[in-house]
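Next up, some structures in structure tokens.
Below are two complexes that have chain A in common, paired first with chain B and then with chain C.
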Partner chain A sequence: MTCPACETPPASGPLAEAAVLLVGNPNVGKTTLFNALTGAHQRAVNAPGTTIELAVGTWALDGAEVGVADLPGAFSLDARSLDERAVAEALDQANPAAVALVVLDGTALPRSLYLLAQVIDTGRPVVGLLTMVDVARDRGLALDARSLSRAAGIPIVSADPRKRSGLQVLAAPVIAALAATRVAPRVPRVGPVSEVDVARWFAWVERVTDSLPSAAPRRTTVTDRVDRVLLHPWVGVPVFLAVMWGLFELCTRVAGPLISGIASFAGGPVADSVSSGLGWLGIGGGWFEGLVIDGILTGLGVVFSFLPLLALVFTALGVLDGSGYLARAAVVADRAMRVIGLDGRAVLPLMVGFGCNVPAIEATRVLPRARQRLIAGLLVPYTSCSARLTVYLLLAAAFFPGSAGTVIFGLYLTSVALVAIGGLAFRKLVPTNGEPERESLVLVLPPYQWPDLRTLWHSIAARLRGFMREAGAVIVIALVAMWALAAIPVRGGYGVAEVPIADSAFGVGAKAAAPALAPLGLGDWHIAAALASGFVAKEVAVGALAETYAVDGTGDGTALATRLRETLAETSGGHPRAAALAFMVFALAYTPCLATVAQMKRSLGRRWTTIGVGVQLVVAWVLGALVFQIARLL
Partner chain B sequence: MTAPVAPSSFAALLAAVGSGRTVGAAARAVGVSEELARVMLDEAKRMGLAVSAREVCGTCSPASASPLCAGCPVLERAPE
Partner chain C sequence: MHLAEVSPGREVVIGALHGTPDASSRLREIGLRPGALIRVVQRSTFGAIIVAHGFSSVALDRDTARSITVAVP
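Here is the complex of A and B:
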């Protein structure tokens, strides 16, 4: 095969090796096509000059390994959003001989053709892949790739990306296009386009569509009939709420036992085996065993315990997305989400967040715009995940025994209020970077279909690998650091890993930090240590309280509750219930856990993660202080 | 790609919508499919050439005389 783009890549950067660039509107099956072409041979890279992630892989084409890049979905190359800018820059900066393979949705042809017109104008060799022909036929549109190819003046073939067997039709036109010589670009480089160009592109779309066989009267499809129910205001909303409730249950009831099981397995049989192994090697006992078991193994246990939860949530979201329901859910929730500057699709990560924040941050990837992903990612930590419930239950039972349920319900309402207020604030704080601050939800609803299991599997596997590689490393390193702080003696002449927590670097640090919590009625080192441990995971906070009070945390909690009541009565100046409320509000608003921070860093980048965590701490402190100061007057 | 037929359907559609026609009526007047008209209007909105009436209504008051507010839901008039 003659392939200038495969042999001598003159471009640099992440797309230098890509000889084929997949371009298309959102929801046209581009990623399904990418997975079908590349199989498992793919990895994630950042688009040139951005933090927008795109996948690159290799396609075995006519005996050669051809690089393929899956660019973000875009309606236009107008570069008014970060995603569109990423696509425009990729087309501008990638290997000049690389072919643009444009996926055209037969059920929304004018929209696809408008993007195709702009891609053709870049001067790159272009090949079109017409999809959804069967669905278009059901709607009375008699499409055929040959007529379309003749009208558009580029090679266009028809295939269903979900059926790998039909994709061989792509080989010949792509090979021919790879061998073609690039013509000079006819449009300006990346940036807003002119009305003249837009009018010219639409005129071309009009001519192409006019030359196609005229559409027969549209028949009512199964999708139309189902949508009459699912998009009906009185039925659609309850169905949507039921789906969201199902997602929440998945994160708590179904995944909860799996998480506990893996954590117990890591902390029990695995830890015992490792301890025995170290003893057999003659390096057991002492600080080294503490480091391996309490630091590294605990960290790995946390990472692995998240895998079943993530796999379950990604599968559920993948099925919802692949079936076409995700887009409907977005339409139903759009009005409520628009109030806080997000579109309807943001409701999914926010609902998932009430189960667990870690998959919720990952789920922000369903949002089409980088700014919306950022805002939603910053809001997710304010959704009250199920782990915080352990803190609420301890404090509510100890301080509000007659009305614990009402107090906990109030905390969930506070969580919703924080998300709404945070959304309004982040709308002002997060720069638009040229993206429209508000825009209509332009969603081309895909027809209902069975999710493609192979695509689903690739997507889940890639996301789990990403979590293990990036977030996993952060979690293990941070837990080792926490272990080290608790193992290093600062006073008392103890040995490493033999020191009581009060005399460790961690305990001394907690004592130093305690006065900062005095305005919240919580100026005590036991509380400071528990909140610092809660930074690792909220479940750990209760265990840390038990440990610092030297109370057996496996009991019914009575002894711990008694000690806690005594402490808060002292630190609050006689208003322990006000201090308990401040404790719970602080636990709600500050950083959920280390895994969430690691996931934020992966999805939002280091800078916004630092800002997000900083804002959470400030909000938690201010809110806690307000609650305490007001509640003690009541 | 060859030069557009003048005057462009895009400009004609914007003019038709600007004169108060609905999307369907404007599409029929210009002679393009309603689906293509919607794509054109989405692009016009992205370029800042058109604004959705639904979004404008949020800025309308009962006393507003702006023609943009004429199509908004009836607003309760404040007591005089």
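Here is the complex of A and C:
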């Protein structure tokens, strides 16, 4: 029987090429299998029309290149999350000839079989891969793929995805399945599922499992013993806090020198050699050199400076996830994060955010649901990253010399409060799209294991490539645009790239924008220019102040502090400290940097990035105005 | 009796799921169905509990555990 529904054109986009779709419960080793099959020939793409990440790659199968897609982990095709819906839609809409390769966990067979029952009903040719057979055997359950295959009525082979040598057993059944034709689905795949179907699937699972040897009584495992400590009512929380502290240190203390090292390498030796190279070619000096060095090269320097930090954070998160600790973190932090409507695991990206927002946005991928990832991604920019500290330090030292520490601590508390309030607000703002709004904690805890480093490396490499390709372009283009604004003369008859900042398009724009900052006590073009530059990066804002005042921003910054005090005394009508507070609060709440925006666009999509950036500006302005108006009365 | 009242180490059989339809479906899908034999392994932070079912461990928050009635086998 052929399938009339299959006459519909196959899905365009990333899934069109996929001939094999990997399906399975979360944490069954699907991604390990994907890496074993495709090796380095893979990339991360978004499922059509969503920001749900899929990995696609090619598998050298019997001399042919076969497209493979790694679909998100799912318990059911009766989708209760956007990720599960993406799996259901992929099975429904991908290339009609594509085979579903379902990974079955030998230690949790009923759960795997329930999903398998639904996948079989999609009408696609199905091949099963039984894994964890050795673990099940160690625990007293002898499974064999042949009897399982007979009972389930589909070809099933067994292999360990971590040992790629054994995976040849997949070749014959997959090749045979590729030659088969899809039959009509028994159940409409996307949409609500009837209780009759659910009962039929459960009955099928019971029939299949009844034909297999029954499991020995459960013994206490190493995982149980470790969990006695890590999930202990009292010990669990301090361990979790220690892990979070380690993550924070990694993003600040370890990554900080790496970032500034690369940035100064790009701005120093690399810029010098490019400059002399341009001179040698006879096109040095003038605006072209400015464009290359200050625009393009600075942009590339920014892109590359994030790579070690991203790699470090992805490695740390990959180890936490692959080892099984991430699921425990979700349990321990569940209660605290539930207050703002987020999964316990959301603590991780938010913690990373206090180091740097850029990897933090990407780290929201640890959350299992699309809506949660979106809300966490919108909240990350309110975590006060270490770059914002440079702004706080300058202003706190200039305006609150005796109590700078208290002021900065207050800003961090404000940041935490903004995340909490933002969480409550975004819960209302972000549509549920059919996902339950408030979710109870029902979490399968994977056994602890050593993270598979090869899988980890491939996924980190794919993500870094994704960042360079997508975020990199945005960053370089925006920095070239910033350079152009500062290079184009508007007044005074200067040449291109020879104009003082005050007479450039940038300076004139800042003068026009300055009155908008008057309610914050900051109605001055130097400040407007600094905040506009701060959109690129917060540390650039300090540099921009030094540039617009034409003072040396290095050293102890005394000259700059003096000029700032003079300016704010004037703009605030005699309340410079209130204006300085407003400046710091504004710097805390508005768009952290261009790289964060680029990363938001990658993870949240264009629409939510625009909304997120807009909300940040409004929050920053309103909060800044409130702080100024209240503080000047005190 | 509901699951939150069971002390660690005890084995019980699930009677009924009284949570929302979504929550109940999720519980059934991961194997916590009426009739399933489970063991409470330990209590965890803020009233969460860990139960063993087959070879796997499942974490449930207190409200979910309260929504599951159980009986001694």
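We take it that the second predicted complex is superposed on the first by the 609 of 634 C-alpha atoms of A that agree within 3 Å, B and C clash if a C-alpha of one lies under 4 Å from a C-alpha of the other, contacts with A are read in each partner's own complex, and residues count from 1 in each chain.
We take it that a contact is a pair of C-beta atoms (placed from the backbone, for glycine too) under 8 Å apart; a residue touches a chain by one contact, two chains touch by 3 or more.
The structure presented is a predicted model; accordingly, all values stated were derived computationally and were not measured.
Superposition of the two structures on chain A shows chain C clashing with chain B.
When the two complexes are overlaid on their common chain A, residue A:117 makes contact with chain B while staying clear of chain C.
Of the two partner chains placed around the shared chain by superposition, neither chain B nor chain C is touched by A:420.
Looking at the shared chain after the overlay, A:334 reaches chain C, while chain B stays out of its contact range. Once the two complexes are laid over each other on the shared chain, residue contacts for A:200 go to chain B alone; chain C is not touched. Of the two partner chains placed by superposition, A:464 touches none, neither chain B nor chain C.
Residues 75-76, 78, 80, 108, 110-111, 114, 198, 202, 436, 440, 442 of chain A lie at the contact with chain B in one complex and at the contact with chain C in the other.
Listing the residues of chain A that touch chain C in their complex gives 75-76, 78, 80, 107-108, 110-111, 114, 135-136, 139, 141, 198, 202, 215, 218, 223-224, 227-228, 231-233, 236-237, 327, 330-332, 334-335, 338, 436, 440-445. The residues of chain B lying in touch with chain A in their complex are 1-5, 8-11, 32-33, 35-36, 39-40, 42-43, 45-47, 49, 52, 54-55.
By the touch criterion stated above, chain C contacts chain A in their complex at residues 19-20, 22-23, 25-31, 33, 39, 41-48, 50, 52, 54-61, 63-64.
Those residues of chain A that touch chain B in the complex are listed here as 75-76, 78, 80, 108-111, 114, 117, 120-121, 153, 186, 192-193, 195, 198-207, 209, 436, 438-440, 442.
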